[in-house]
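Each structure below is given as structure tokens.
Look for chain A in each of the two complexes below; its partner is chain B in the first and chain C in the second.
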Partner chain A sequence: MQLKSQKLKYIFNSVVLLFIIVYPFLMNMSGYWMTLLVMMTIYGITAVALNIMIGYGGQISIGHAGFLMIGSYSVAIIADRFELPFVITLLLAGIITAFVGLIISFSAVRLKGHFLAVVTLGFGISVPVIALNWTSLTNGYSGMLVTRPAILSELSLYYFIVGCTVLFLWFMYNILHSSFGRAFISIRESEIAAQSSGINTTFYKTLMFVISSFFTGMAGGLYAYWIGFVGPTDFPVTISFLLLAMIVVGGMHSFYGPIFGAVLFSIIPHFTDEFMGITNIVIGLILVIIILFRPEGLVTIVDWFKMNKTMEKADTISKERGS
Partner chain B sequence: MEEVFILIRGTLMMKWKSTYLFILSLGMIIFLTACGGESEQTGSDAEGNNSDGGSTGEEVRGVTDDEIIIGNIVAQSGPQAIYGQIAQGIQTYFDYVNENGGVHGRQLKLLAYDGEYTPAVEMQQAQRLVEEEEVFLMLGNDCTPCNTATKEYYEEQGVINMMLGSGAQQFYEPPSDFFFGSEIANYRIETRVFYDYAVNELDAGRIAIVYQNDDYGKEGYEAVEAVRDDYDAEVVTEVPFVANEEDYTTHAQKVKDADVDTVIMLSTPNPAARLKQEFHAIGLTDINYIVSSVGGNDTTMFELAGEDVWEGTYSAGSIPVPDAPEAEGNEAIETYLEQYTEAYPGENYSGVPQWGYAGAEVFVEALERAGEDLNYDTFREALYSFDNWTEGTYAGVTFSPENHYGLTTLFMTRAQNGTIESVTDLINYDPETGEINYE
Partner chain C sequence: MEALLQITFGGLIFGSIYALAAIGIVMIYKTTDVVNFAHGEMAMITTFISFTFLQMVGLSFFVSFLLALIFAAIFGMTVYQAIIKRVQNAPPLNQIVVTLGLFLAFNGIAGLIWGYTPHGYPSALRGDSFQVGSVFMSPHQLFILGITLALMILFFILFKYTKIGLAMRATQQDMQTSSLMGIKVSQVFNLTWAAGAILGGVAGILTAPITYLEPSMMIDILIMGFAAAVFGGFVNLPGAVIGGLIVGVYSNWVSYYIGSELSVAFVFLLIVLVLYVKPTGLFGAKYVKKV
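Up next, the complex of A and B:
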């Protein structure tokens, strides 16, 4: 049973990967459709990174858009001032964001619940304001143009971003399925129990912040390269709430849940934008419906199917035995 | 330290299937990045057709015998959702034109998408409208940073943007084949007119410039800097502020200490109202207070600042406020009021929706002039034939190959008896010579 489920997972992953590879050709190389998928990948990375903290670690953060903004501005500033290879620039964006995450974590690890939420919210609100007012570094309200690496065409940049996404998700998956992931979960379940089992909770909580902000910063960097512009209005605090909604709707206690959420919330505007002001209403409605009927998130629909199938099988076996 | 070691070991020692996936994805990145080749699209669509001129072969993109599709991206949600009224204004005029037979037998279809005042979203919507919906051109897009982010894309795709909801200089200097006109007066032109009016008509001698420390405020400030030596007046103090500041006490005190007779305030509505309230609080009521049109040319300022406080404030306009005395008998304004209040009963009809409506008037007039054989060449020629066009709600619209500003005619206004009244005839600015002429 376990083996079959693993097999199905690999088939599913391969089909998705194959679809993403041929996607630009299926969509006639449309910039719009490619941007739509790129935004899904960027939000996908960020949502999974956020879920490391919230879903696995039980540490609330409602300011993650701030990390996205730091990552995107890091790429813009480094690319503007230093002639570094773009992969190095991207990596530096992740490191800088992780460093900011480390600083935030110093105060955040001492807090929990609502207090932690307020600290992260304050961070999420203040980053765009700093970007707006630190004109000498960020060019203020005007924002900064980001030159796409000369060696990358639009199509190769698309594949680069997709490749990075697979790589980042793979890293995060492995971190969460290592002893680290187990430590995070134990902190979520009971900090006192975790501590009494010899888990250094302060260290692991700091680590959650650093890992999460690192990958979010990298996602911000990919965003900067794809859009070619960063500005102080790019990641307002509403994006932090949207990210939160992605992991709630997708499923907080699952690795794949936030990815489903990111895909869903990225595709909704495509269908609703023609009707003025309807997008946020639809997102709100979906959120309410999911919380009411599938509080564990969309990802549990897969479990529900699995359960039904098992029940059917059990019924068949019992009927066979009966006859 | 031990934990870090475990992390590294845990990351390195993975199941073989994960390693396989890792190697596969790395290989894929390298292979596909290399395969991506040199398919950078400049000035052409995905199929390689040259799209400059909005045409694909003999067909013109977004134009059929009976329809023209026009795109618009403004914030319809979020804190800047008020700009959604631009799309409402455009739609109102398009409906009016369509009811009267369209333009050369073609109906006008508006596709207005939510840009959320966010460059990334606006870029995505731009790609959708240009590549998927294949619009003829973009009309009335808002948000200066969003327009900055998408400018190169539109130029590469060869798509005209007209009557932008931004008065920033970068879209008009030097003139681009793909950017024509703004819905609101250019910030630099407007401030030049303020300075000229203050010195020559209000006899200002000691002037304070208070400006919002961003693109918007700085453009006006730089315009004054460029001409301050040409006038017999002195800028005695310059006071920058940040748009979301709450307290303007120190700014007001600084202006008072400088002993000025005129203040030119380059800001959005809230700071303009707050500063004038502070002036009143410290007894600075006998000065000329001139506020940029974005921040001051609206009757809602009486509510924001208080009726007594706002009384006497100068500003500028390029479209008459519908309730102002000079709007009486103005046929274009009356049609606007009738159409807009019927389409959106009970909603605000002053200010932002007028921008969209007036921009649509300019667009439709250009379509009329371009004739039945519509393409970008005939359309541009039609725009260049605008020489102080006054039949719409705008005070005057002028285009030429050297002048892509469009709105170079405006009039000064003054807050009086609860409304905004015009206090001058039309004032024309010549972008080529920098001359200001009062009619």
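Up next, the complex of A and C:
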């Protein structure tokens, strides 16, 4: 049984990966459709990174779009001022964002619940304002152009982003399934119990912030390279809400839930884009309905399906024994 | 010096609006344990309703003001009964996400009905500004101060000297015991949401003449209201008022001396610093979790 589900997962992953690889050709290399998928991968990375904090560590952040913005601006500024290989630039963007996350965490590790929510919300709102007003660094309203690395064509950049996504997700999966991940979960379950079993909660909470902002910053960097432009209106605070929505709707106690949510919420605006109000209404109502009726997220539908199957099996077994 | 006085006075006016928003948030949190991120958007919808009465139906300012507040009370109770009640005992994150969902939905609905173009909103008191000492005041600013003071006195009396106030305070302290003592707890919850929505609605109607009337008008007020609530420790009504005034004056100083758009960032910085020193706010109780 265990082996079978492992095999299924393996097949599923390969099919998805294969689809993503042939996708540009299916879509006739259309920029619009490729951007849609790239946004899914970027939001996917960010949602999983945010879920390290929220789903695994129990620390709320309503300002993660701020980290995305810092990452994207870091790439734009470094690529503009210095001649560095683009992989190094991307890594530097992650490190800069992680550093900002570290500074935020000094205050944030001492806070709980809504105090933390308000502080992170304030962060998410402040970053675009700072990007707008720090004109000498960020060009203010007009934003910055990012030249695509010369050695990459549009198609190879697409594959590079997909490769990065797989790599980042693999990293995060392994972090969460190591002793770090177990420490995060124990902090979520009970900080006091974690502390009394020898877990340094302050250290691990800081670590959560740093890891999460590191990957989010790199996702922002990928965004900057793909779009080729960063501006102060790219990641308003509603994107932070959307990221939270992805996690909760997908299912925050699972690794795959946020990815599912990211795919879903990248597709919805595509259908409702004609009028701004409709997108907000649809997303808002989906959030409320899911929380009211499926508080564990859509990923539980899969579990529910699995459970039914095992129940059926148990049923048939007991029937066989009875007869 | 004169500029400083003028800026401080302007800050106090904004501060009273923030305080109104903060009291609504704190009251709802204290009684029903829910942090309402949709508070600002509910206020915005109330303001639009009063605008509709005023402009489309053509009623006088005070009639439409009162009608809008009645609408706010019903609106608050409906939101509580239909949605919030079901997540009242859920984990905080679920509550936050529900109210954020409502935030988005209300914002979209308002945009759909009234559009995204800003409307001008008339003030209750028109007239030229006049000078007191070296400070210029406009009638609308005095109106804001007056309404805020009146509401605070009203709520103080309500909490301190009426039976409903007593029931509210008892419920805040211990829900189970108070329901055993014969207090209709569900009624108290309803009333709290109605009162919170009214306070928010008043804040919205007072803001609209200063900014403009549009679906995103209350976002900044909401943030500042949250900042004020955090200053006050999130469970302390007088603390929220003082927090609102501090945030108002401070952000007005920042926008005059540093740059008007940066005030949100600097308020955030101040909050981080304050919370670093006192993690439960300036007037908050020390938080001890029982194991």
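Criterion: the second predicted complex is superposed on the first by the 320 of 323 C-alpha atoms of A that agree within 3 Å, B and C clash if a C-alpha of one lies under 4 Å from a C-alpha of the other, contacts with A are read in each partner's own complex, and residues count from 1 in each chain.
Keep in mind that, in the parts below, a contact is a pair of C-beta atoms (placed from the backbone, for glycine too) under 8 Å apart; a residue touches a chain by one contact, two chains touch by 3 or more.
Remember, it's a predicted structure, so these values are computed and weren't measured experimentally.
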**Request:** Please indicate which partner A:Gly31 is in contact with in the superposed arrangement: first for chain B, second for chain C, both, or neither.
**Result:** first
**Request:** Have a look at where A:Phe12 lands relative to chain B and chain C in the superposition and call it first, second, both or neither.
**Result:** neither
**Request:** Go through the superposed model and pick first if A:Gly122 touches only chain B, second if only chain C, both, or neither.
**Result:** second
**Prompt:** Of the two partner chains, chain B (first) and chain C (second), which one does A:Ile54 touch, if any: first, second, both, or neither?
**Reply:** second
**Prompt:** Who does A:Phe271 touch here: chain B (first), chain C (second), both, or neither?
**Reply:** neither
**Asked** Which holds for A:His114: it touches chain B only (first), chain C only (second), both, or neither?
**Response** second
**Prompt:** Which holds for A:Leu244: it touches chain B only (first), chain C only (second), both, or neither?
**Reply:** second
**Prompt:** Which holds for A:Asn133: it touches chain B only (first), chain C only (second), both, or neither?
**Reply:** both
**Superposed model, chain A: greater residue contact from chain B or chain C** = B
**Request:** Determine, under the contact definition given at the top, whether A:Ser156 touches first (chain B), second (chain C), both, or neither.
**Result:** first
**Complete:** The shared contact residues of chain A with chain B and chain C are 129, 132-133, 238, 276-277, 279-280
**Prompt:** Can you name the residues of chain B that touch chain A in the complex?
**Reply:** 3, 6-7, 10-11, 14, 17-18, 21-22, 25-26, 28-29, 32-41, 46-47, 76-79, 81, 84, 87, 111-114, 117-121, 123-125, 127-128, 131-132, 143-146, 148-149, 152-153, 213-216, 242, 244
**Message:** Per the contact definition, I'd like the list of chain A residues that touch chain C in the complex.
**Reply:** 54, 60, 62, 104, 106-107, 110-115, 117-119, 121-123, 125-126, 129-130, 132-133, 190-193, 237-238, 241, 244-245, 248, 252, 275-288, 291-292, 295
**Item:** Residue ranges of chain A in contact with chain B within the complex
**Value:** 10, 13, 17, 21, 28-33, 35-36, 39, 129, 132-133, 135, 140-143, 145, 152-160, 162-164, 166-167, 170-171, 173-175, 178-180, 200, 203-204, 207, 223, 227-234, 236, 238, 269-270, 273-274, 276-277, 279-280
**Request:** Could you please specify the touching residues of chain C with respect to chain A in the complex?
**Result:** 29, 35, 83, 86-87, 90, 92-94, 96-98, 100-112, 116, 219, 223, 226-227, 229-230, 234, 259, 261-262, 264-265, 267-269, 271-273, 275-276, 279-281, 287, 289, 291
